[in-house]
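Take a look at the following structure, please.
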Amino acid sequence: MTAELLIEQFLNGLQFGFMLFLMSAGLTLIFGVMGLINLAHGSLYMIGAFSAAATFAFFNSFWLSLLASFSCAAIVGIVVEKTIIRKLYNRDHLDQVLVTFALILFFSELVRWIFGAFPLYLDVPELLNGSIEVFSGIYYSKYRLFIIFVGLIIAVFLFFLIGKTNLGIQIRAGQHDREMISALGVDISKLYTLLFGIGAALAGLAGALIGTIQSVEVGMGEPILILAFVIIVIGGIGSIKGAFIASLLVGLVDTLGRFLIPWVLQTVTNPSDAMSVGSAIGSMLIYILMAIILILKPTGLYGKQLS
Amino acid sequence: MNKSPILKLDNIYSSYGNVQVLNGVNLQVRKGEIVSLLGRNGMGKSTTVKSICGILKPHLGNIEFNSVRIIGMQSYKIARLGVGLVPEGRRIFANLTVKENLIGSSIKGYWDLDKILTLFPIFKERLSQLSSNLSGGEQQMLAIGRALMTNPSLLILDEATEGLSPVISQKIWNVLRKVSNEGISILIIDKISQELKDVSNYSYILERGKSVWSGKLSGISSDDSKLFLGV
Amino acid sequence: MNKILKIVNLKKNFGAITASNDINFCLETGEIHALIGPNGAGKSTLIKQIMGEIKQDSGEIILNGINISNFKTEDRIHLGFARSFQITDVILDFTIFQNVLLAKIGKEKTFYNFYSSLDSIEFSFEEIKSILIKIDLWDKKETAASLLSHGERRQLEIGIALALDPKLILLDEPMAGLSLDKIEKMKVIFNQIKNDVPILLIEHNMDVVFSIADRISVLVNGKIIASGSSSEIKSNLDVRKAYLGTA
Amino acid sequence: ADGHKLKVGMITTLSGGGSGLGIDVRDGFMLAVMGSKDIEVVIEDDQRKPDIAVQLADKMIQSEKVDVLTGIIWSNLAMAVVPAAVNQGKFYLSPNAGPSALAGKGCHENYFNVAWQNDNLHEAAGGHANSTGFKNTFILAPNYPAGKDALTGFKRYFKGNLAGEIYTKLGQTDYAVEIAQIRASDADSVFFFLPGGMGIGFMKQYAQSGIEIPVVGPAFSFDQGILKAVGDAALGVKNTSQWSKDLDNKANKKFVSDFQNEYGRLPSLYASQGYDTGMLLISAMAKASVNDMEAFRDALRSADFDSTRGQFRFSSNHHPIQDIYVREVIKEGDTLTNKIVSVGLQDHSNAYVDQCSM
Amino acid sequence: MISEKNISYISLISIFFIAIFSEYFNEPYLITLLSRIIIFSIAAIGLNLVLGFGNLISFGHAAFFGLGGYVSGILAIHAFNSELLISWPFLFNGSNNSLIIWLFTIFFCSLLALLVGVFSLRTSGVYFIMITLAFAQMLYYFAISWPSYGGEDGFSIYVRSTFFGINTMKGINFFFICFFWLLIILFITSKIVNSPFGLALRATRFNLTRVRSVGINPFRIQLLAFVLSGAITGIAGSLYVDLNRFVSPSLLSWQMSGEFIVFILIGGLGRIYGPLIGAAFFVAFEQFFGSYTEHWQIFLGIIIISTVLFAKGGIIGFMLKYQKNE
């Protein structure tokens, strides 16, 4: 194994981390900050990707499809919030689980009805095609660098929005006691709609950005959903910083683990066993990581322990 | 001071689901006045407050604030008209820091963070502490500070001196006097005490959800006091 | 007199805040011992340490000669502690009766019994009834705690403590939120039980403190600055300055 | 026909992930049996869940009293359903899945596979790699039984060295790590088996990475339904398949045009398999009644029908003996599609014939 | 007057009689469906014990369902093939005797629940949801990539295990076994819920400090409940494998855990019979609409949403409320 490969894999880990952050950014708002267990996050992600693909098929423009991805997801998000979700804030977590689970069924099937059962196409624009040399001898895909860039922008945006404006404070206050924050003069319903819309838009944008290099198909949101929850919980609910660090951590552990564990095992057993045992452990790695972190820190890396 | 009332409750009936709690509450607060509302436990004082603030919607009666009919309005709108609330049981936002609690819903005006810190210097070193870690009395101060920071024209305090040490209670009474001198009206719910008698311009007593007595508290007969307040 | 509870050199810091600064203190049989002090002085923190809800940094807590400094909360209950919370903490979904019943079950250690029906547990019905009558909530025994007014919950809080059949009680501002008629009732109750069950009473209501406390200690900034009878404390200048004010 | 009705139970995936395959198999099959009045078909959706499939099989056997079962797409579902079904005296015609366990020791006289044994396309890819002259191949597949079978199948025919062998996580969609490893190896070719969305992701990311090493895979990642999602990244890739739209025989021409007329889209591999299954069934019905199990089985075994893939017969373990082609992804106008470039393995049977005691 | 009790009894009795009639009218598939409903509801009843009464939202109960399934499947397949399962400390060939299988299932599932519980109960709320999910996912991925028992393909066990010489391959007989288990488990849970232990468990859902302050160690209460719950769900897994004669990792998937939660919520959270009603509704819906349209999930989605928004407290809650309004 060469040093270049190791460095490249390290970069891949970071990059995967940014991708994870992108996937979970919307959920960080909706679940982390607003406190709503939104299983339909993956559906918003899928809706973003499908609206992008449809736009792409029509106008053949990547940038236009990005625009479509987050505006459609935001619109769907706002409509769903206004008609359904807002009745749930005062309810048990479990009611939220059930309704948003039902939304998954609804949206998946609806999208399949409209677009058919086969995957759709979204392509990287000319501008971002190919690789550039980042260090001497190490090439990296432009598109993936673009994803890192977008991830950074969103991180800064969220950090500012939630950490530095009163909006964040009010939303979190609303999560604790809606009635009280209203009685202090804050139109919490409107804020929640707004935030849900932003969260949905971020999910949709991520769907388009990541769908572009993965695949745009019904059900693409489900693996993302679990991953996004894992990230937020590892980071500590409500903490943007936590989500960001957890994304990078999971990205690195998963990437390097998948790569290094079989390699290490090869030194003790034959390659093919090493490979299959290694990848078995590799696929459990994220969950092992989450379990360990929660056992050591029951409220995640940056979560607050309320007394 | 014979101004028109800033807050007026007319024959209010409220219930929690099937449980009828208020059966005709009448009450008025004039500009710059301190009005107190008394009654034994469970008589409907807090329910009255909830009805004013729009947390609970009365099914009968009328409430006017600055001549605006506010009954049935959403609570944030009522608050924006200038009603500030220190609720019973503090209800601070435990998941926020002290500072976030104070500034989260603040509105520009006389009361700002600096003034609150001068009033309650104990918060100076606790601004970034999670508010759930405060002592009971500190939480009470925080709830008062939070309401002041919305710079209301009517301040409602539901058992605001509960859990405060005598020194701090005195401070609060002084602040209330000062505030009311500046023209802010105050509706206060508390146990009957010498301070309350001194400070309130007018008082109401509730008995089973009905206004049964009103007048200057210093003038209450000992029979009435025994009957309605148990002392 | 017999010293039931002894606190020795207790220390506790929260970061830069000193909540207990070398506290030495004892509770004796037959007394109501009031603990007063400014907000944030460390009174509730002291109770929490005595109950084992938070761990002291150093120092010892001794009950009847047994060092219980490292015991778990629930074990301390079985040794005879009971407490009320400053910030009401009853189980909101339970009825008043169930709240008190739970305390009985906890005390009698029948909580691993999963085969007998609750209705058939006659042993405590009468006791619970007498407690609820004492705290004036018998009429509402089937009401869920969430439907109670603030003051009524405070009463329930005390009922739960009584149901534990304690050897000593720690009360964190039990009178807060009670109307005056209820306060008078509570005073009577406390005076009745204090001979069997000594009481550590935290209270900001000075009328109450001065009328029922046998002994008063004053905690300021985590330190006990004075201890003595009502009249001693009333006239103590430091106490007046730090706590009582001009009253 | 002797006027005997025959009832077919089709259990296939029509909702949830991977339903595209089921829908194609169903449509192909229905196209074939459309004209036949003697066939009654009951279709149920297994949602790609093995437990549901088992229960549907129970339903079809116990309540619907079907004679023949078919339709299952996934090996794990087939493993759940087929043994029980054939043991209860039903015929099972597989239009897609061909797990090795059902070809070897677990073979059964009532089980016919009309598509391929799972290893077949991978074996052909191995053969193709040899004939192209690849010496050092990097191979990858997900870490689950079908993935392992795929790499085993490839290795069975491939004579060169392995530059690397990777099992990825099932359902993984990001392949940056694997692609970096491919780049770092000195491979002269890549073989992968990554069904569904996994393959789409891999191909797109591979094309993005700018690596020029040629890629070979089984048809699954390059078939009609999926090609448009992979996009131009697939152009020029060689893939192995027992069927292609441009196969030059009468049956196939008819099938392709009928399919397009009926459903308004190009048929896929899976559609052809469903169609062939239907045709096989019709041919057997013409020879025997399903009530005469022996005769009907013989009729099936003789495979006396015009397959869309030309030559078709069964080996002794009831799996096809057929040519497996190498196709290349090309563009016809604006649509991506495949064109046959060579034959990967001729008259290919499968490796498990000997293990089957039939 | 419909009371919760009556709804419960009516549902039990109707399930029983539908099965009998199905047997009489030779509709074996209906019996299979009923068995499936019962098995799912047993699994969900197990979960309901911690979720409905202790508010411990376990999103990993598929782990116990799946483990129960695998334990049973492995014992049975070894017995079927007469292959040695363990050779030390004694020789053991597995078994196809239901009683032995159930014993093993209970043992292993309790053990797993103990392990998962000890770690998971350190956390609470959403963290608890996620850590239980994490454990289940670990098992799931392990099962998929573990070749000895079929990996993702799973394996068939061909015949059901035997129970006192009853022909379990006959649908109605197997149904009776499931039904009997349902009765036992309903009896146990209703006992538990109305006992002092049940009260303590319900108390833990709110405030652990309060629970401790009356002398109860909430951790032990929750752990015990979790172990019981795991064992019950494990039994369901064992029966499910027997029903299908097939074991696969899908038993362990998070969707499975999710479905259990859905059964409970649709039926009525924290009600002893909630899971039964929920599972029956779900299975019936899937069967009924599934045969009409492949897009049936859209309608399922709509129905679930309306249930939650307009019928607080699930189906049972709705029925009781409707009754009141009459």
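For clarity, chains are labelled A, B, C, D and E in written order, and residue numbers in each chain start from 1.
Convention: contacts are C-beta pairs under 8 Å (C-beta built on N, C-alpha and C of every residue); 3 or more make two chains touch, one makes a residue touch a chain.
Predicted model only: the values in this text are computed from it and were never measured.
Visitor: Both chain C and chain E are touched by which chains?
Guide: Both chain C and chain E are touched by no common chain, going by the contact rule given at the top.
Visitor: Starting at chain A, what is the smallest number of hops through touching chains needed to reach chain B?
Guide: 1
Visitor: Please compute the C-alpha centroid of chain C, do the same for chain D, then give the distance between them in whole Å.
Guide: Their C-alpha centroids are separated by 75 Å.
Visitor: Can you work out the whole-Å distance between the CA centroids of chain B and chain E?
Guide: Those two chain centres are 51 Å apart.
Visitor: If you average the Cα atoms of chain D and of chain E to get two centres, how far apart are those centres in Å?
Guide: Distance between chain centres, rounded to whole Å: 36 Å.
Visitor: Touching two or more other chains, which residues of chain A qualify?
Guide: In chain A, residues 108-109, 112, 276, 279-280, 283 touch at least two other chains, as defined above.
Visitor: Going by the contact rule already set, what residues in chain E reach two or more other chains?
Guide: Touching at least two other chains: 141, 144-145, 147, 295-297.
Visitor: Can you list the residues of chain C that touch 2 or more other chains?
Guide: Residue numbers touching two or more other chains: none in chain C.
Visitor: Please list, in label order, each pair of chains that touches.
Guide: So, checking each combination of chains, I get A-B, A-D, A-E, B-C, C-E, D-E as the touching pairs.
Visitor: Per the contact definition, I'd like the list of chain B residues that touch chain C in the complex.
Guide: 16, 19, 39-42, 46, 88-90, 122, 125-126, 133-141, 159, 162-170, 191-192, 229-231
Visitor: Please output the residues of chain A touching chain B within their complex, sorted ascending.
Guide: Where chain A meets chain B, its residues are 166, 169-170, 172-173, 175-177, 179-188, 238, 304, 306-307.
Visitor: Which residues of chain D touch chain A once you look at their complex with the stated criterion?
Guide: Where chain D meets chain A, its residues are 15-17, 19-20, 23, 143, 148, 165-171, 173-174, 176-177, 180-181, 183-184, 196-197, 200-201, 204-205, 208-210, 225-226, 228-232.
Visitor: Can you check the complex and tell me which residues of chain C touch chain E?
Guide: 51, 53, 72-74, 77-78, 82-83, 85, 89-94, 98, 101-103, 105-107, 109-119, 121, 160, 163-164
Visitor: What part of chain D is in contact with chain E in the complex they form?
Guide: Those in contact with chain E are residues 14-15, 19, 44-45, 49-51, 54-55, 58-59, 62-63, 75-76, 79-80, 83-84, 87, 99, 101, 143-146, 148, 167, 169-170.
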